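The data blocks that follow each hold one structure.
Heads up, the next two complexes both have chain A, just with different partners, chain B and then chain C.
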Partner chain A sequence: MRKFLDAATALVAFACALLALALLGGLVYVIVQKGGPAISWGFFTEQIRLVGAAGGIFWNLIGTLILLLTAFLASAPIAIALALMERVWLKGETSRRILTTGLYAINGVPSIVFGIFGFIVLVQWCGWGKSWLAGGLILAMVILPTVTVALMERLKAIPAKYVEAAAGLGLSRAQIIWAVLLPQSWGGLITGSLLGLARAAGEVAPIMFTATIFAGATMPHAIKESPVLSLPYHIFILAQDSFDPGVGSKLWGSALVLLGLVFSLSLAALPTRLRIHEEAHHG
Partner chain B sequence: MDKRPHILQTTELCVTATSRALVRDVSLTIAEHQVFGLIGPSGAGKSTLLRALNRLTDLVPGLKVTGDVQLHGQSIFKSGMDANALRARVGMLFQQPVVFPASIVDNVLFGARRLQSLSKSAQTELAESALQEAALWSEVKDRLKTPAAKLSVGQQQRLCLARTLATKPEVILMDEPTSALDPRSTEAIEALIKRLKSRHTIVLVTHNLRQARNVADHLAFIGVRDGVGQLLCSGSVDSVLGRTDVAEVDEYVCCQ
Partner chain C sequence: MTKTLSWIFSLLAVATMGLLLAIFIWQSVPVWKHEGWGYLLEKKWYFRQHEFGVLPMVYGTLVVSFIALVLAVPVGWGAAIFTSEYLPRRLRMAVKVLIELLAGVPGVIYGLLGILLLRDWVYDGFEKFEPLSGDTLLTAGILLAVMILPTVVTLSDDALRSIPSAQRLAARGLGLTRAESILFIVVPQARRGLGASVLLALGRAMGETTAVFLVVGRQDNNLPDNWFSLRAWLDSGQTITSKLVSSETNIAYGDAIHWGAIVGLGLILLVMTGAATLLGTAFTRKPHA
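For the complex of A and B:
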């Protein structure tokens, strides 16, 4: 009986794992099969023509990259400050828990709520109109918890002996932060940011009211009324509005490029994640 | 009685953790340019006592230090005393060598270059003299830029000593500095300790009676009574190790 239970448990576990892999495989297969034919050099270098039925996604790709870079640059300093606060200044268990709970709460906020918040505060109240900066800042809020928690984990993994040794030499707290804590936690910042950005890259809700339009935008030159094109919004509009069969392959092609972007962001984070994991377990 | 001037003095020093006392009522006088050994069983609070001498105890949440420690007659706990500046004057060598993930030379200068502004040439000079003083120069002079982690554990411990020496401390606290080392490296460190006392004062926690006899000028025995670490006797090495009337000392000496 016990042997049977053992085998059954293993069987169910394997079946579930297989199902997850099959889902991923199926998804990738469908998107590659449908979007593959659209991929060409021109698809990356040309701009949209005929409402998405022709041309490429050059400015959509650039727009998405601008939004992601802005989100990274805006979230990194805040994440560093928050993580350092948790590690260095917050002494009590309660205040630490309040901070992490707050972060998890932000992480749980639906992205459409961020979008509306950005629309009300940045687009209307600040009078920016649709702007790459508004979208970048809202995406920064979306990824902030991921980046901060990854940094906190990294800071926690720095052995206390380094801090003690540095303090023993007479270094002040600020010097210890610059000389010991920050140099050893860049990996956490990069990993957290890449994982956060991998999620943010595909979000439509935070940027559809704040930053992105369907066609007609190129490189932004100002903050106010300076929208960008983006990949997820492009897919959203094509999927929703277009009945032109010529659009179909472009739609799938855009989805494939977005999927590729997200996978490469996650993959780029992998080496540091593995290394941190190893350090944490082997001293 | 030792005629040399006192550099460190503790008065009724107690260290208490949140739930219990770790060390109680330790009053010691430590004269300049000597090796002052702290011996006693594990768990008696020798390391804690040592960390109170340069306020590294501040770093541990929940530790409370009462009583007083005076450096050159000045309380290290008085308001206005900069704990960081104090730690540069009263340096520390730990049980396990702690090298930073950086090159050998960056490790030597890790504290010094941040505590004072040094020109490039002054840095090079300081690195060399500190490594010389720690008897490591000849072994590493051709590979100063290689990662410090590539050194053997014994070399790493001498590198940590060089790093402490580079900040020019008056006192060096050593917490069982050879317990992680092989016999040859232990010998090297012991020879160094004897040499260093001409310019520094050394407070050495050791488990090893042979080492205490070999390098210490003065000993204090910290034993456990009523569950708390206390100073049971102090004096010259022979007088302390000969105190068969103190049961804890007798037991400790016999067991080694």
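For the complex of A and C:
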């Protein structure tokens, strides 16, 4: 009886894990199988025509890349400042804890809330209308906790003797930051940013009221009234009207490209991440 | 200089978050004045008549999140037990990587799969209950379950791994089988972390927007007389997020009360997800630390 229960537990646990992996496999299979036929060179280099039924997704890709680059550039300085705050400048245990708890709280804020915040402040109050910059800044808020926490973990992993050696040489705290801490931890910034951007790339809710339209935008040349096209919003709109078979194949093709982009970003973040993870658990 | 810059950028972040909270409280004031408690407790959303009560949307959010948890938590815990207790280290990392890839799949892609596959499966599978369409609370709940499954697995796996192996060895040494040592020794010690995985997954489920929007049907004022009626799960509904991301948000700006009603929904959502997230984060902390 005990032997039977032992085997049954293992089997049930195995089945659960298999189900989770099968979901991933099935999802990728469906997207590749339906989206694969739409992928061609022209799909990446042409602009959309006939409300998404023909042409390609060139400006959608460019728009998404503009948004991601903006989000990266806007979040990086803030993440560095917050991480240095936690590791170097803040003295008390309590204030540090408040900072990290605050980051987890921000991480739990639904992205639509950021979207509406951006709509009020940037689109309406600043009078930008839909703008790539508004979308980029809002996505920066979405990814800020991810970037900051990754950077904090990397700072924490820097051996104390590096800092001690630098201090022994008479470097000030600011000098230690520039000469030791930041050069040793830029990998954390990159890893965190890649992870954050992997999430940001697929978000619709933060950008649909602030930055992106379905058709008729190319390269933005200003800040005000300068929307971009984007990949996730393209899919979002087409998905609600997916009866035309021509649209259907382009729709799945766009989904495949977006999935590829997101997976590439998270896989690029992987090597450093696994190392930190294992060091944290076994080191 | 370096210190000043750190302070400036950090304060910028803090001020932005403060402004966010202030805006959501302040801009929703008109609707609280207009409706009073009825805004929270009544079933009515007729924006042309200026009547706003959010109860059906709170119900929708709670129901889809509940369905998602009921489906995802047992599977997620089982999968976490398998990865943390049965798999050798290298294989475990490989599986975790795959599970995290699943976590990274954008909501809009889940929504697309929901529209083109799940919707029909739900419609056909529950045919004898005669649902009006495949866009139901249940459809959204099932889709959400898949979306939060990786969160449950990853956090539960971390929680189980944090229990020292000496505990397992001692249990086996006392003659317990592997399953007994897991279920009676490891799992009870990891209960806080396992609980946190549920709360954080709940926070994610309540805030998920795009996928839910695409399959929930977005029908206003749909609230069953009996909150626990299961048949109501096969009706279309509306969640807080599906309302927030609808085109009504564009229309409402400029009409103080209507806009207040929209922003108020955001505030309610913030409170619900914030409570789940903060409670979950507090859970992961060791009680004596």
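Everything below uses one rule, namely that the second predicted complex is superposed on the first by the 265 of 283 C-alpha atoms of A that agree within 3 Å, B and C clash if a C-alpha of one lies under 4 Å from a C-alpha of the other, contacts with A are read in each partner's own complex, and residues count from 1 in each chain.
The definition used in the following text is that a contact is a pair of C-beta atoms (placed from the backbone, for glycine too) under 8 Å apart; a residue touches a chain by one contact, two chains touch by 3 or more.
Quick caveat, the model's predicted, so the values are computed rather than measured.
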Once the structures are superposed on A, label A:Ala22 by its partner contacts, choosing first (chain B), second (chain C), both or neither.
neither
Chain touching more of chain A, residue-wise (chain B, chain C)
C
Is A:Gln184 in contact with chain B, with chain C, with both, or with neither (first, second, both, neither)?
first
For A:Gly108, select first, second, both or neither according to whether it touches chain B, chain C, the two together, or no partner.
second
After the superposition on A, what does A:Leu171 contact: first (chain B), second (chain C), both or neither?
first
Taking the superposition as given, does A:Leu69 touch the first partner, chain B, the second, chain C, both, or neither?
neither
Based on the A-chain superposition described above, do chain B and chain C contact any of the same residues on chain A, and if so which?
none
Show me the residue ranges of chain A that touch chain C in the complex, using the header's touch definition.
2-3, 5-6, 8-10, 12-17, 19-21, 23-24, 27, 30-31, 77-78, 80-82, 84-85, 88-89, 101-102, 104-117, 119-121, 124, 141, 144, 173-174, 177-178, 198-199, 201-205, 208-209, 232, 235-236, 239-240, 242, 251-252, 255, 258-259, 262-263, 266-267, 270, 274, 278, 281
In the complex, go through chain B and note every residue touching chain A.
54, 56, 59, 61, 84-89, 91-92, 94, 96, 98, 100-101, 110-111, 114-115, 160, 163-164, 167
Help me check something: in the complex, which residues belonging to chain A touch chain B?
91, 161-172, 175, 179-180, 183-184
Which residues, counting only chain C, touch chain A once they are in their complex?
1-3, 5-10, 12-14, 16-17, 19-20, 23-24, 27, 74-79, 81-83, 85-86, 93, 95, 97-102, 104-109, 111-113, 115-117, 146, 149-150, 153, 161, 177-180, 182-183, 200, 203-204, 206-210, 214, 241, 244-245, 249-250, 253, 262-263, 266, 269-270, 273-274, 276-278, 281
